Every structure is written in structure tokens, then in C-alpha cells.
Amino acid sequence: MSQRDAVEERRVSWEQQLVQFEEEQHVPPLRRMLQRMRHNKLLLFGSATGILMLFAGVFGPIISGADYAAQSFQDIHLPPMSDGYLLGSDGLGRDLAIRTFVGIRVSLIVAAGVTSLALVAGVVLGMLAGYYHGWSDRLIGGVVDFVWGFPLILVAVLFAGGLGEGLFPVILAVGLVNTAAIARVVRGEVYTLSEREFIEAAHAGGYSHFRIMWRHILPNILAPAFVLASYYVAVAIIAEAALSFIGLGAQPPLPSLGQMVADGRNFLRQNHWESTIPGIAIVMLVLSVSLIGDGLRDVFDPRLRHEAKGVDEE
Amino acid sequence: MRRIAGRTIYTLIVLFVSSIAVFYAIRLSGGDAIAARLPASATVEQREAFRELIGLNDPIHEQYLNYIGGVLSGDLGKSLTNNADIFDMLLEHGLNSFILGATAFGLVFIIGVPLGMLAAVRRNSWVDSSVMTFAVGGMAIPNFWLALLAVWLFASTLGWLPSAGCCSPNQLILPAIVLAMEGIALTVRMTRSAMLENIEQDFVRTLRAGGLSEKRIVGKHVFRNALVPIISLAGLRIGQIIGYALVVEVIFGWPGLGQVLVNAVLRRDYPVAQFFSLVLITIVVLSNWLADVGYTVANPRLRKA
Amino acid sequence: MGQSWIKQEFGQEVAELADLYQAKEVSRRSFLKSLGILGIGATSAATILAACSPGDSTSTTGGGATATTGGSGGGSMEPVSGGTLREGYNRDISKHDPITTNWYDPAFFAIYEAIVSNDPSGATVPQFASDWSVSDDGLTYTFDVPSGKTSHSGGVIDAEAVAEFYRTIQAESFIAGLAAPVDTYEADGDTVVMKMKNAWIGALGPHKTGYWRIVNINTWQELGGTDVESTFGTESADGTGPFTHEEWVPGSHVLVNKWDDYPGSNTPFFENDGPAHLDSIRWTVITEAGQRATQIENGDIDTLIGPAPQDIARLESNSDLTVIRHPEWSGFHLSMNRDYDEFFGDVLTRQGLSHSLDRVGMVNAILAGNGAPTYGPFPTTDRNYDPDVQNFNQFDVDLANQKLDEAGWVAGDDGVRVRDGVRFEFDYLVEDESVQRAVAEAVAQQFSVVGVQANLNVVDRAVAFEQQSGAGRDAAPMSLFFWLWPIPIDVLTLFGGSQFIPVPNFSHAVEPRIDDAIASWQTAADEDQAQAAASEFQLAWAEQLPFLPIMNQNATFVHNNRVHGWQPFVWNLYPYYNDTWIEA
Amino acid sequence: MTDTAPILSIQNLKTSVTSGGDTFNVVRGVSLDLYPNEVLCLVGESGCGKTITALSIMRLLPDPPVRIQGGSIEYRGRDLTELSDKEIQQVRSSQISMIFQDPLTSLDPVFTVGHVITEIIRNHLDISKEEARARGIKMFAEVGLPDPERRFDTYPHQLSGGMRQRVMIALALVLDPDILIADEPTTALDVTVQAQILEKLLEEQRERSMSMLLITHDLAVVAAVADRVAVMYAGEIVEEAPVDELFSSPKHPYTQGLLRALPQVGYKRDKLESISGLVPPPQMMPPGCYFAPRCPHALEACWDEHPELTEKEGSRVRCLNPQPFVA
């Protein structure tokens, strides 16, 4: 074998080694994401809690089969683990477990309603404002800034005033505030996006505004919008609880967690679980959702790390 | 300058729109101030006279114009429930709210910033984990529940602090901490991540190359840079505290603006409810504006050369 | 029960009788009659009566809270002057104008005096008047009002001023109907002469309430009278009581200060016949139920009216505190708007609904046992309470279903009853307050058991009143309310009388039997007639059910043992503050 | 020049990076001497370890993940790698200074430039604020900052890129160090400004009789300013020579490749040549010569034996089979 061939052979075999190494190092994006998810302990913890709560909210009422309004004056203020009352009973002898499950369900429904409302409206408004600049930006931006800076409770009280009590005005009020929050971020994203080359290219290509927004801008802002939305689920849950605590929101006998905390507060000294169990449920819901939000942001969009860290800062 | 002028005009527009929104919402919420003022069996004539007196019979836009005209000319009117002068009420309850709010606001930064710095400096240690657990927990606990737990633990069970009332320092502690909690948690998180973000900046290397001690670099330069977002968003904390005060003041029986507003709404005491809502909104809008200014002040990059 | 001192003092026979009375086996009237037969004098009879009012569980530690002496506990201690009494209060503060207020709160007992009042035995004693008498025909009452007395502002309050005040009530007060049989008030020298349209045994009752507490009518007129812009009772007040109005902030607190020129009271059971011991009294509204008990335990307040029921047992076990409990003159009632004829028009349906309610269960669950079920309109404490109402409205789900079946209601597919194509489903209004909401939720659930769907509509107070008080079908189909007034029959005539539709007869109920009973009551000249009228009123109510009675709660008062001479008792709604002092 | 003792002597420096659980060297035994008054250029592609080497000298490595694993850095009889944090802080700026690539991000945005220079001066010298200020202004004037009195109280964002880099130079030189390390000081600047800054750096170097280690990838700069050049590849020095020698007669095939890739005024070439292949990943170094996979002259021995740096015609070169340079 000549020197040249020998060297060539070494080179080829080296390059094969390199390729093999690269292959070992290379992980498909989806796998990498899953890997990152698996390594993110907070995300795992949050998801586990979240699944538990989701299960409790969706299947809890079905499995236990009891009626959340059924009362028994013989079985009032029972502590958890009492016979037939897994989590005890309240002052009217109603099963706290089933009421907590239904309360979780109400929280989840409100959170889902609020978030889908906020996500759709926020993305559309933010996109319009960020894309068109000019007066529509100033108008939408002004309204958004206005709503966003408002104390949520004040908005909800005013809404309940106009629309009456119940879940609907709560969803609307919280949804409005969260819409503003999402629209703000989306507007910022679209601002930067619309100066990027491919958008300019699209303009040059004579595409319609709608097509540009729909095909080019929307896909690029969905990820940050979803990550952000996961934060606002937490905000929505807390807001619903706070509002039902002060008597807005779900009307009795439909239980909601905030309402249960409020009812139980007069028994804290004697039967604290009537308030602490729904309270813990709220904390677990919020915690799981915010950990999931934190985790998703780290996994999908590390760039958002600093923007979304304070939920309502940016 | 233009930025500030624009912001001022914007603020005025917001206030104007808010005043309309508040005016209509409170009127739309049903109920009647008559219940608060007249005996249960007041005659139809008496009720009519009362409506006439407080202008409830005028078209609503006229009522609004009359009202806003009064406010602009300095006549805030009187409470429908007890004839109290609304300006006097504002002074008295405003002071209480100020005491509570300012304390909570102070706590947010006095506790939040050092804790956040500590977590950043001791990154990935047990100190960091504990502080961050506290911060995550602090954001997840709704303040109304925290208030109940605080009363239960510190007032009812341990008896260390009064459960409610105004306005001794002892009575201030619980509501102020509860009011501040979420702000503290957010500030801890923000401070920590801002510190960590800045500690990796190029300028830190320059300062190190300049021979400055690590303590000085982190304690002065990194901290000062990390403060930019914290200070600039301080205004938003004010708005947040005001929102929460509506609930916290009621639970702790603290006679501030929030409690008065809630009472006034319940009684349909229109002049009080309207004016106090507007006051709170004004403070929120001003503090948002302050956040803007704060951003400029804290961040020399935004100051025009 | 079986109070040993009665046995000691009056013998076995009286003690047994007292037990029977307390167990509601005999009526008050027959009890008093029997006492008379046994030769017990009126004063002693009153003492016995007070001590063993049915269901009356009186003070738990102080024992003698309803005894006739004014002092409490340590009689050997000398009262100390000065200090502020900090009193917690469970309800919002009413306007301090007896004539135009909706209800009245404890400050009325500090700022104002009534012409006569109840003593701890329930007997009528003079207060602002130095003495009083009634003519044999029962048509003329004479109150002695010696000259020389003034109000806080220095205005002369002589017989003429009092008479003028009473005439103003007749003309202006919404609640004047409580004393409808009164014809005229005239001053005659140093006396006020009250002429009746007819003899009426209940004539003095209203005059002991807060609404008839004496006001300097000149000040009242000057400050605006009935004008809605009047500042009387809000910015200032002018009465003759030992304390003067200082500050009034609804939803928050009331402050009164000692009136240094108070000439002393004519009321015999007060030990202090000069100005008050206390410098001032501050009532704080504590809306958070759990906070009330905590605050008196922590020493943030000295006295408390209305702790949350579930906290009472704990307060009783606290050796620093004394708890005083007795049935309250009040009750939870459910209106059934008759203009929703399809639901509440027939008596069978109303009775069916009533039998579905487990009143005892609700007393135990919601009031933690601190109360009593009511089967008729009156609380059991009432002088004219007729135990026969217990024959009605007992909890019996089968009977409830049977009555509803009989009324033509048929169970629908989803369990809700239907009649003539009308589903038995309606809005049920309740004020947003924790106990009321609990009662409403409990009631609605019990209705659902018998196939009736009541949809709760929880609203705040301003809205509740508006939606309760509408005419016809503008008023809510059903609403829960809690009333608090010290002379039940007179108050309930307003709720049940057909001329008070729609307010406060929120049920819009026209019941001839009840109207007739009211008429007999207001013309009852002696105890027998009064009892007959009251019994008929109660039985008619219990059977016809213009409203569904539910229960009444105990009036509960707590004081720190450093507080002396603060004595709430069953006959008056609130304590007087003349004798109250606080250990230094 | 080689007669005098080096002022800074790096011996067998190894610096590692930890990533994803693996630790691997990125500087693999660099030995380098810096002599008084000379300008030494360290040249190489990005990622070859030249900046890490410079940061190692200053002990400014971001630790973790980057850490000195072995070797010594001798300065005035002391081994810098052994110094305590406090001691190295004393050395920084007063004896060895460094300026960085991006003058915008390298300056603290929330303090005025005057504040920072004052702070650095007073950190090392016990003088009053006023004296420090005077000295700072003087320094600003010296580095050619126009209107230094006024500039003293401005924030970095108010200055142009060139002015910022002058400020950086002022910060680095104000304490009169023996050695200045400049890491790509002109890369982020406009072309017109680049020359001015280089000019200024050289001027200062000459006036102060200090040594300068200039890190760059730009051979044009090297040709203009260097006394001596060291070429780095894959974490080690592959060739070291006086500047003229290097440009006229590069010995290492990598250096030759670099020079071939250089567009030269006056020459007209058919095409600009580039070095084929890629730098191997740091975890996967070839067993012999690191450059072997890309080397046009590689022998089979090059795959087996790692060459040492050896003297050859006034240069030191790390190659088993050096070939004459053909442009």
C-alpha cells in the first residue's frame, strides 16, 4: 500500500468515526425536547400534580358518585377519613371530597374558558396591533395597556355589577385582563417579526396582509403565546378563587374552591379542614400550572425565560 | 419630553373612560341607595323625593355630566348613607390605606430584593432552593387564604398579634405581610433572575479585569443593573397592592379606601363608590405611569442624551 | 331546668310547675294563673317567669344574669370611673334616628331613654318617666315627667316635648303601626297622657323599643326631620341617655361619649343613679364571624354581641369571659310570594314545603344548637307563645310528599314536580351573609328532596331589599330573611297583615284569619283576651303559613370579667350602659 | 529580543470545559513566552482556544464550566494560577490588563464611564476622589477621547463604538500595567475606526514600554502590528515565529493555509483558497497530529504520532512533515 493510500484510508476511517460520533451526539429535536422535559424536575412535579388535579376534577365526581349538594345534619363537621367521608364534611354535612372535586372542576372550566378566550383574542389583537402599527396599534395598545394595569378584582366587581353574579361575568372579566396581557406580548413579538427578512420578502412577493399574518406571522408567535397562556391559567385559577371568595362567581349550591374557603373560614378554629382542604386544592392547582408553565418555557422557548418570569411584569 | 406628554394625555383619556365605565357599572348593578337611606316602608312619595334629590330620575348621561362637573369643580358631594363629606372620608381612609399600602410596598422590596440576591449569589445551593420554594409558594397561595391562615395561626392560635383593627403597628403587621406576599414572591424571582442574567454580562468581565473584588462587582454593579427591571416595574406593584387591598382590608377590618369602597358598593352609595373607584383607578394609572418613568430613571440607556 | 332556688324559695309545687312551663307543657298564661292560685305575688312570679322562660338557658357562668339586682358577680367591688368600653357587634350599624331608622342597634340604649322599660323580670319599670299608671278602663296611660330635664343639647324635655315627640312618631314613623290602638298623646302639666282608641294590653310594648326612644324633637326638626337630607342620627343625635353621639360610620364603628350632665335615671334596677361610669363606648362592626370570638379572646374588645354560634362553646370554657345566652326575639322566615300563585297559592303546597324542613337539624348544624326551631311565628320566649303551634310544621318527609301529591304536584322525569304543566322551580333570594346563605342552601336542598327546585340567588343587601319589596311578581318568588325586633306579635302583624302588602308583607299574603287575630290583639284589654288573640294569631299562622317559620337563634353576649354592670337580659334587646364599668 | 527573560511565561497550560457531564480540554498544553516591550499576536480560527488562553492568564474564566487543569503562568516570579482571589485581583489592571471585543456590552450601562474608571483607580491606589477624577480625565484625554471632561460623566450608550473602545483602553491602561492583553479589540468596530484604535494601542504600547498580547484572527492586523506571532490550532500552538519569518516562510501547513486564504493587495489569484474540512470536535481529537485530517501533506505517521513543537529555522513548529510554502 502506498503512503498516499494508507493516509487516505486513515482519513476515511477517521471520518467514519467522526460521523458515528456526530450520530451519537445528535438527538432528534422531539427526543431532545422530551429529554429536556424529563430532566426538568419542576416540570415533572408540576405535571404529576396537574394530572392528579385534572383526574380529581374530571373523574372525582363520577367515581365517588355522590351528590355535591346532598346534606346530612347528623354528619356535620366530620374530620377527614371519617366513615363515608374521605375528606370529612362541612357544616351542612356535605361531603367535602366531592365538593372539592367539583370545585376543582369549576376552577378548571373557568381556567379553560378564560385562557381560550384570552389566547384567541389576545393573539388576534396583538397581531393586528403589531402588524399594522399606526392608529390601530395605538388604539388596541391603549385599550390593552388600560385593561392590563387594572386591579382584576375591581374589573370583576364592575362586571358582576353589569352582568349579575355567576361564572360568566367572572370568565369575561378575567379573560379580558388576560387577553390584554397576552396581546401585549404578542404585539411585541410581531413588532420584531415584521422587521425580519422573510416577512419583508413576503411583502415584496405581493402576498395579502391576511396571508402574511396567517401563514408567516402566526406560526412564529404561537409557541411564545402558548407558553405565556400556560401562565395565565394560573392567574385565572387564582382570580376565580378570589372572586368566588368574595361571593362573585359560581352560585350555591355549586361549590367552588374560593367559596368553600370562605364558608370554612368561620370554622378554622374547630374544623380547619373545611377551609384548608379547598385552600390546598387551590394552591396545588396554581402550583402545578405555574410549574408546568415554567417548565414549558424552559423547554420550548428559553428565549422567553426573562420575559415571562414574572407573569405580569412585561 | 414627548413621551411624557403623550403619556399624560393617555392617562387623562384613561381616567375619563374609567369614570364613565365606573359610573355606569355601579348604576347597572341593581339595588338602590334607598335601602341604605330610607326606612323599609318609605312611601312612594318619599322614595320619589329621594330619587329626585340624588338625581336618579335624570337621564343617565345627564347624571354623569352633573357628577363629573361636580367632581371637576371640587364638589365631591356627600355620602348617601351618612352624609359624610367625601373629601374628609378620602383623607381619613386614604391615610389608613396609605399606611397599609406603603408598608406592604416597602416590605415587597425590603424582603424581596435581598432574598432574591441571596438566592442568586448562593445559586444552586440549599439557600437558593429554599428561597425559590418560598417564592413559588408565595405566588401560588391566594392572598385571601393566606390572610385567613395568618389570622388563624398568629392571632387565634398563638395570640401574638391582633386579628384585626386599625391602626397600631401590631395591627399593621399581618395585613401588610399578606398584602405584600405576592409582590415579595415576584420580586424575589425577578431579582434572582435579573442578578443571574447580569452576572453573565460582558461588563462584569471588564470590571473583574479592572481588579474589582467579586463582592463589589456583585453587590454594586450587578445589583444596580438588576434593579433596573425591579425599580421600573415597582409602579405595577402599587396597582397590584391596590387590587388586593379590596379583599385584605375587609378581612382584617382595616378601614382603608378598599373597605370603604366595598361597603359603598354594597350600599349603593353612588357618590362614594364612584369617587373611591376613581381614586383607586387614578392611583393605578399614575403608578403605571410611574412605572414608565421609573423605567427611564432606573435605566440610563433610555434617558435622552 | 329544675332550678333549685325556686324549690327552696317557693316549694316543690312551684318548681314542678316551673319545669312544666319551661318544657313548654303549659302556656305562660296558665303558668301565671297557677302561680296566682298558689299565692305567689306578682313580683316573685315575674322573677320565676324570667328565670325559667322556656328554652331560656341564660348565663352559663354568671348564673344570675336575669336576677333582679343590677350588679353582676363581685358585688363587693366599687365601680371605677373612666375608660372606653370596646364592644364588638355582629350587625351593621343603623342610623341613630329612632323615627326614620330601619332597625336599631345597641347605641340606642346609650344615647336615648325610653319612657318606660323592662326590668330583668320582664316587668315594666319607669325610665325617662319617674312613674306611670293606667286607668282602670285601660284607655288612659299617664306618665309622670317632672320638669327640669334636658337633652344633650340642653333643650328642655318636659311633658310637652315628649308628647310632641310621640305625635311626630305617629305622623312620621314607618313603624308607628306597631302602636295603632294609641289615639293621642297630650301633655298635662308634668304628665304625658296617652289616650287609647281601645283598651290594649300591649300598649306599652312599642314604647319600650328603640323606635319610641325619646328624641329632642326640636333638634330633630332642625336637622331635617324626615327629609332625606336630614343629618339627625348620622352626624349628630340628641337624646336624654347617659351618652352623647360622637361618631357614626356605618360598616365600621360608632363612638359615644359620656354625658357629664346626665341627671341620673329613674329606672329602679340601675344601681348607678348619676352620670355613667364609662368615658365612652365604641362599637365596632366585625363582619368576619370568626374574628369576633378571636378579638374578645385576645382582649381587643371588652364585650361582644353575637359571636359565631360555633365559637360559643369555646368562649364558655374561657375563665376570663362570661357568656350570656337567651333566645332572641327574632327568627328566620321564608317568604312565599302569593303572586306566584302557581307555586304558593294553595295551603297544601305551603304545608308540604314546611314539612320537608328539618328545623331541629338546622338548629344543630347551622346554629350549633344555639337556637330553637320555630313552628309558628313566635320565638318560644314570647309571653304569649302558644306551644300548640308544635302540632304543625313538624319535619316529616312522607307527610310533605303526601301533601304535595294531594296538592296535585306530580314528580317529573328529573324528580322535579310538575302541576298543570308548571314545573316546581323558582328563584330563591338570599342576602349574602354566611348564616343566611347556609340556611338558604340547607332549605333548598331539603326542598329538592321532595321534588321542589329552588334556585338560589345570592345578592348583597341593597339588592336583596329591592328584590324583596317589589309589588306583584316584581318581588322574588321566595326570599329568606332574618328579622330582629323585640315585640314579635306587633312586628309580625306588619309581616302578616294584608294592609302591609308589599312591604313588609313580602309574601303578599291575605289571610283573613290572621287579619282578624291582629284586630283582636290590638283590642285585647286584658291578659286573657290578649292570650286568646295571640294564640289564634299563632295557630292561624302555623296552619296557613303566610311565611315559613324556620328557627330563631339565641341572643349571645360575651363580656370580659373585668367588665361589670353590663347586663343583657332577655326582655330588652340590648344591655344598658348606666352601670357598666371596667376594672382599672 | 530572545536574550532577555520573558515577563510572562506560560508553561503547558491546560484548560478544560465541562458540558453535559463530560469534561474535555480546550487548551491542550500551551506554552508561550511574552517578552518585555513586544507585541505578540495570538492567531487562530474562532474556537481554537486563544481567548480561553488569554482569560486563563487573567484568571477570568467563567468557572464553572471552564477551569485551568494544569500548567503554570509565571509572571514576575509568581505563578498566577496559584494566586488567591485577592492576590489576582491585585495583579489585574495594575500589572496585567485586558480589553475585550465588544465595547458596548463590556461597559457597565448604568454607571458613567468616569464613575467606573474612578472606581478602578481607587481600588488600587489610595487617593482622593478628586485626584482619581483628574487622573481619569487625563487618561481619557490620552487615549484620544474628545472633550474628556464632559465625556467623563456620560453613560456608555451615549458614546460611539470607537469612543467606547477608547474608554476600554483607558480603563485598561490607567494603572500603567506591564502587560496588556487585547482580545479582538477592533473586530466589532467600523473599518475606519479599527485603524485608529490599533494605532492608539500601538502608540500606548510603545510609550509605556509595555508588552502586549494581541489576540486576533485577522492576519492583516498581525502583519501591521506584531513583533512575534503564535498560531493556535485546536487548543495548542502549532507555530511560533517572528512576524517577518512567519509571513515570508510559514512552516506549518495550517499557517500556510491561513496565509493562502488571505486576499492580498497586489496579488491576483484565481481563487481564494480555504482549508478543507472542519476543526474536529473537542471531544474527538485525532490520535496523532490534530491537523492531520485536514492536512494536504499528512503522512501515515501523522496519524499515529503527536508532534512536538520544535525549533526550525528561527521558528518553532509542530509538524512532522513541514513543506516549503508555495503561495
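As written, the chains take the letters A, B, C and D, and residue 1 is the first residue of each chain.
Note that in this section a contact is a pair of C-beta atoms (placed from the backbone, for glycine too) under 8 Å apart; a residue touches a chain by one contact, two chains touch by 3 or more.
Bear in mind that the values here come from a model prediction, so they are computed numbers and not experimental data.
> Going by the contact rule set out at the top, which chains touch both subunit B and subunit C?
A
> Chain with the smallest distance from its CA centroid to the overall CA centroid?
Closest chain centre to the overall C-alpha centroid: B.
> What is the chain whose Cα centroid lies farthest from the Cα centroid of subunit A?
Chain C.
> As a quick test, compute the distance in whole Å between the mean CA positions of subunit C and subunit D.
So the centre of subunit C lies 94 Å away from the centre of subunit D.
> In whole angstrom, what separates the CA-based centres of subunit A and subunit C?
52
> With chain centres defined as C-alpha means, what is the inter-centre distance between subunit A and subunit D in Å?
About 49 Å, centre to centre.
> How far is the middle of subunit A from the middle of subunit B, if each middle is the mean of its Cα atoms, in Å?
25
> For subunit B, what residues touch not just one other chain but two or more?
Within subunit B, residues 29-30, 151, 156, 250, 265 contact more than one other chain.
> Among the residues of subunit C, pick out those that touch two or more other chains and give their numbers.
288, 290, 294, 459-460
> Taking all chains into account, which pairs touch?
All chain pairs meeting the touch criterion are A-B, A-C, A-D, B-C, B-D.
> Touching residues of subunit C toward subunit A in the complex: what are they?
Touch list, subunit C to subunit A: 288-290, 293-294, 308, 310-311, 314, 358, 361-362, 364-366, 432, 434, 437-438, 440-442, 444-446, 448, 456-460.
> Flag every residue of subunit B that touches subunit D in the complex, lowest number first.
Within the complex, subunit B contacts subunit D at residues 200-203, 205-214, 216, 221, 224-225, 228, 298-301, 303, 305.
> What part of subunit A is in contact with subunit B in the complex they form?
142, 145-146, 149-154, 157-162, 164, 234, 238, 241-242, 245-246, 258, 261-262, 265, 268-269, 272, 275-276, 279, 282-283, 286-287, 290-291, 305-306, 309-313
> Can you check the complex and tell me which residues of subunit C touch subunit B?
95, 100-102, 173-175, 226, 228-229, 231, 234-235, 248-252, 284, 286-288, 290-291, 294-295, 297-298, 300, 459-463, 465-467, 469, 500, 503-504
> Considering only the defined contacts, which subunit D positions touch subunit B in the complex?
So the residues of subunit D touching subunit B come out as 58, 60, 62, 85-86, 89-94, 97-100, 102, 105-111, 116, 119-120, 123-124, 154-155, 157-158, 168, 171-172, 175.
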